[in-house]
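Presented sequentially are two complexes of chain A, the first with chain B as partner and the second with chain C.
And then the complex of A and B:
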């Protein structure tokens, strides 16, 4: 039984002959399976000075017993318009620590923000996707 | 939808999306560094299924022409059926939950109102 399963092709392509690049779905290939999504806002206090940021961490206890694949989207209210989420971390420029870091283990996802702005606190927005797929 | 909030001031700081959650998700927690774990609250928005009762035609195959013995489906009566109209938040502030779901409002601009340790309402945060 090697020729079984379900597949769906893109509009305009015969599902029986379509190349895998033209498939919308095929049970032959693994996919990311969403376990949970969530979002939030973390207020990080003003930095002591531009080189001594304050930090805040969000810890998402995912309740899976393994390290899952995940994505985190965050905004950068210090150097960009608040509310514009990007799927990557941002890093220090020179000695100014305007940073977002993500990490994951078999218990938690950790989302850490550093605020380099010594004049104001900032609200950092984040959205995370955790998948059933194992990362490690 | 699950809210995580600060028990001290009710401020909602994190939200899990969705209406129906697996047991694993219902056991999840989200903590932030400026709120101690013991001060973190979790509130699962209860959703309930809404049903409507409709009248549906009962159809049977009948011979409609004795000569040709032609058979057709004919309506012989009506019956009442219960059908789902989807789910709705089973709370007094349901409209606000819809607004959060549709992105018209941000749940993190709001706080929960607690009475005897239970969430009874949601209202806008007071600006400092």
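And then the complex of A and C:
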């Protein structure tokens, strides 16, 4: 088969000889393609007690017929500063649940927050990216 | 130096004036390029409380990656460190991953009473985790 396609190398590297990790783009390799993004805030009621957190879930329909790659940023107003977003869920302490869990299936993405604070409700901020790239 | 390259802007933004944030592609800016995708089963032991697996990536450096886990309960794919939602408390079914210059190193932790099998769905990028 003939050798064809498009490549763009990083500045300072000859596109004809550059290693694959020195390419900005190559039509030989798939890329991450954003399908939809969104954001919002979810209020979760105060926990019954420190070991019985309340939960709330944001469900976002993606209308793809497969399970896509996704990325979620959330904040942690309970153990950290509100508005500071992380792409990783905040791990649990002791027997209490993670502050957030992220999941996806062929219909929706699910962003679930748990409030372990029995003294107050909290507003959880989230931002999500859903990609065209298929996981399963 | 000559002004050359390739730019593609988002719909509604003139390509000659669009900020990089409003561009879909710019040959001055690196883009994540996918090296490999796939899935691997992980046998999880109730006795030890975890299971592990590796995925050889055949890159000579530590690559950027994303991994999603199918855990014991529900068919959803969970992001790293997310916990299976079947139980609210004491639920330690969760997946973790790191990389070295040879493999993705996968681990699933559990507190289930019997052995089970998790599946990890991975995307490995050509791009280095660091320069």
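Keep this in mind: the second predicted complex is superposed on the first by the 133 of 136 C-alpha atoms of A that agree within 3 Å, B and C clash if a C-alpha of one lies under 4 Å from a C-alpha of the other, contacts with A are read in each partner's own complex, and residues count from 1 in each chain.
The working rule: a residue touches a chain if its C-beta (ideal position, glycine included) is under 8 Å from a C-beta of that chain, and two chains touch if they have at least 3 such contacts.
Just so it is clear, the model here is predicted, and its values are computed rather than measured.
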*Should the pairing of chain B and chain C on chain A count as a clash or a fit in the superposition?*
fit
*asked:* Just checking: does A:63 make contact with chain B only, chain C only, both, or neither of them? Give me first, second, both or neither.
replied: first
*asked:* Applying the document's definition of touch, where does A:41 land relative to chain B and chain C: first, second, both, or neither?
replied: first
_Partner chain(s) touched by A:55 [first = chain B, second = chain C, both, neither]_ = both
*Looking at the overlay, what does A:118 touch: chain B (first), chain C (second), both, or neither?*
neither
*asked:* Tell me which partner touches more residues of chain A in the superposed arrangement, chain B or chain C.
replied: C
*Working from the superposed arrangement, determine the closest approach of chain B to chain C, counting only CA atoms, in whole Å.*
5
*chain A residues touched by both chain B and chain C?*
55
*What residues on chain A touch chain B, complex-wise?*
35-43, 55-64
_chain A contact footprint on chain B (complex, rising order)_ = 2, 4, 13-18, 21-22, 24-25, 27-34, 106, 108
*Given the complex with chain C, which residues does chain A contribute to the contact?*
8, 10-11, 20-21, 23-26, 29-32, 51-53, 55, 67, 69-72, 88-89, 91-92, 95-98, 100-105, 110, 112, 114, 133, 135-136
*Within the complex, which stretch of chain C touches chain A?*
5-6, 25, 27-35, 37, 39, 59, 61, 66, 68, 70, 74-83, 85, 88-91, 121, 123, 126-128
